[in-house]
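One chain, chain A, links the two complexes that follow: it is found with chain B in the first and with chain C in the second.
What follows is the complex of A and B.
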């Protein structure tokens, strides 16, 4: 049961990051290998602010701002110039790989390659039902749920959200109805970065200390959750994150915890073998028939 | 090349124009490389059905894409009334009152029918509830499926939805690319009936059609395009009587 409790916390962080990436992918059709760095810059921003204040909301704002800024810059300075020249998806993907390593190395220049400590909230554990959580664990889960609900409402109910879904469906058709697709795409990167930055801060708080490879090390877990849920499916991403998070932490109770991430990939392989379209796509297709 | 004035402007059939006329002068459009459409001139008047017909590969759809800003044109002009709208991007063109309904991919599959209609209202504030209600009276099939995702609609319903979305803004010019392609004969009648109904309400309707007999029969003015160039033009029913033309360029139809 303890494993399930930790699993829910991990799942919250994975869900935030995966949903942000899924939304970004479905709207912009760009596979961003530098997604982990959105998390990493969020973590470092929170770490810097934590040096002068222990105010968590302020650290969160800094993390979101740093992630959003990086997301914006990646789109404007890196991806858009190539998209405008009709670069293939593979070229854009390779660019994002390059961006990932460049950002990691810039962070290494600034912060060094060794671990920095980041403590957020108290480490006192509380027993909640069968689970044992710290205050920060609970904050993490509540923040994840709130952000995901707000994101859901934004995407379903607001004009911006509908425009995002319209662009995800068909960019050209969206443009002929008057949607400034470039603006929608730019704001999607901003939103993606903000949420991923926040996830990076929450992840840093969980692990306690981190290096410039924090987000990069988590990238494959996030890809796994996205693929398990059905790539580009936002709600599938939440489910995928839940599955991956639980499997990682529950498995750690029974086998050596250093196999956690291998467990995530085991699930990924199983899903790819039996339901290559992901769980949620499979569900919605059977509904449609 | 300076744009030449239009020769042989379409004859008036007595209808009083209520909106601007769409005028295309010597338009050249392509995908890079040899242009698919060269030097084509057409005119679509308000309250009239203007048809573009011609064999497959004549460049009919390409011409429409050039007109609505989806493809960049490399020569000639597009005018709405007296305004030059050549190469205005689609997201701005819709604000000028031109609605374009493509042949394929003309609905947002994951959006509900209502959301598809709301997208037709995108450039305005609010959700266009009243206008949606009006259009549901015109297309009764849509009212019962407002909450369904558009991907679950039949081909005919999709076309109705695409037409309705294009009409949300009460456009001055409605540009339709093969609205009846791939539909069952009964549904074709229904869709075509709507096209005539729309035209009667006032906008200029510019339509590319594969069903040549029907479109010529109802067209106030029609253009025959071959190999990306103007070939013939005239009142639709008159062109339909030209047996040589029908045989040569259009086939049995």
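What follows is the complex of A and C.
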């Protein structure tokens, strides 16, 4: 049961980051290998702010701002010039691999390669039902749920969300009907960066100390969750994150914890082999029949 | 200083072999293989466990390794190459079956990380985190060279192997198999329409790349005389891809130039940087940043790389075909429905 408790915390962080990535993917249709770095800069921003104040909301704002800024820069400086030149998806993927690598090394120069400590919230453990959580664990889960609900309402109820869904469906059609696709895409990157940055801060708080490879180490777990849920599907991403988070933490109870990530990848391989379209599409398909 | 140059050249030659392998999957087949370094590691581990005698774990370090057959150098390297190719065949059979390019990249990256986890955690497979060490200098039991003489000898051996790999790969590139691979890369629908089995072609190309990687890895392990999980990760793959992109995809001479620039020259230049600061990690970081920037700048301004892929020439006397505007890996989607290259289909047709 402890494993399930930890799994829910991990799933919250993975869910935030995965939903951010899925949102970006559904609108831009490109896989961003530098997504982990959005988390990493968020974590470092929170770490820098934590040096002067222990105010958690302030650290969260810093993390979100840093992630959003990086997301925006990636879009404007790197991806857009290539998208305009009609580059293939594979080329854009390679670009994002290079970008991820550059950002990691810049952070390495700035902060050094050794672990930095980041303590957020109290580490006192509480027993909640069968689970054991620290105050920060509970904050993490609440924040994740709140952000996801707000995001859901944004996408379903606001004009921006409607425009975003239109762009995700068909950029050309959206443009023809007067949607400023460029602006929507830019704003999506900001949103993606902000949520990923927040997830990075929560992740850093979970692990306690981190290096410039924090987000990169988590990247493939996030890809796993996104693909398991059905890539580009926001609600699928949440479900995928839940599956992946639980599998990782519960498996750590039974096998060597070093295999945590490998367990997530095994699920990914199985899903890609048998249900490449992900769980959620599969569900709606079977409903339709 | 001379000794230092010999070291740089030896590693450079081995790296060039590795880049040739990446070129097969990225340049010829048009797929990103992030598991590539796993095949290098598989080759390195395989060569070592074949060459070393049986493991006798000491009580203080209970790490051991499988096999320990005490084979001679050359059969071990050949066997390691085969093992790497076989591993790539298995991974490829899963990854290439029905997935698109970027998914293949993700699943290969996952495979590489799973292999890292297994090799690090299991102490009895290939020595866990500590890895394997204690290999004797290969072939030196026959030649009895001193340390300096041996380093020259091994450099010569590596350059010979690079030449060998280059010639073999050039031969394959020009063979019907190589041409079909490029046809699949340029336009898989057209290639399929001409009766090519896409999956089987891609899989063979992928396994070939893995085998070349394992060959380079075996040479590398025999040079370092030790190997552990820290010696390989996604970073290395990125730099190898940089070598291919900068040098020129699908052009063997180009990628060798690229690998020399990115993997040998850049780290040397970056060694100048620590003189400016006290932080010793800055040099490698700058080299990595420059290498990765090389990928972005080349893709933006010269997508074909330094040496572009040679144009396919129709030797039957028809008008020169294909590739004129499309660089090596086609970087722009066909803009119109007529994007199906006439040259591509002609090339496939000739193979049939």
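By our rule, the second predicted complex is superposed on the first by the 287 of 289 C-alpha atoms of A that agree within 3 Å, B and C clash if a C-alpha of one lies under 4 Å from a C-alpha of the other, contacts with A are read in each partner's own complex, and residues count from 1 in each chain.
As a working rule, a contact is a pair of C-beta atoms (placed from the backbone, for glycine too) under 8 Å apart; a residue touches a chain by one contact, two chains touch by 3 or more.
Everything quoted here is computed from the prediction, not taken from an experiment.
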item	value
Contacts of A:81 with chain B and chain C, given as first, second, both or neither	second
Touching partner for A:101 - first (chain B), second (chain C), both, neither	second
Which superposed partner A:179 touches (first chain B, second chain C, both, neither)	first
Chain B or chain C, by number of chain A residues touched	C
Which superposed partner A:162 touches (first chain B, second chain C, both, neither)	first
Partner chain in contact with A:265 - chain B first, chain C second, else both or neither	second
Contacting residues of chain B [partner chain A, same complex]	68, 70, 89-91, 93-95, 99-100, 102, 105-111, 115, 118-120, 122-123, 149, 151-152, 165
Complex interface listing, chain A residues touching chain B	159, 162-163, 165-166, 168-170, 172-181, 288
In the complex with chain C, residue positions of chain A that touch it	31, 33, 78, 81-82, 85-91, 93-95, 97-99, 101-102, 105-106, 108-109, 112-113, 216, 220, 223-224, 227, 256, 258-259, 261-262, 265-266, 268-269, 272-273, 276
Chain C residues within the chain A interface of the complex	30, 32, 94, 97-103, 105-107, 109-111, 113-114, 117-118, 120-121, 234-235, 238, 241-242, 245, 279, 281-282, 285-286, 288-289, 291-293, 295-296, 299-300, 303, 329-333, 335
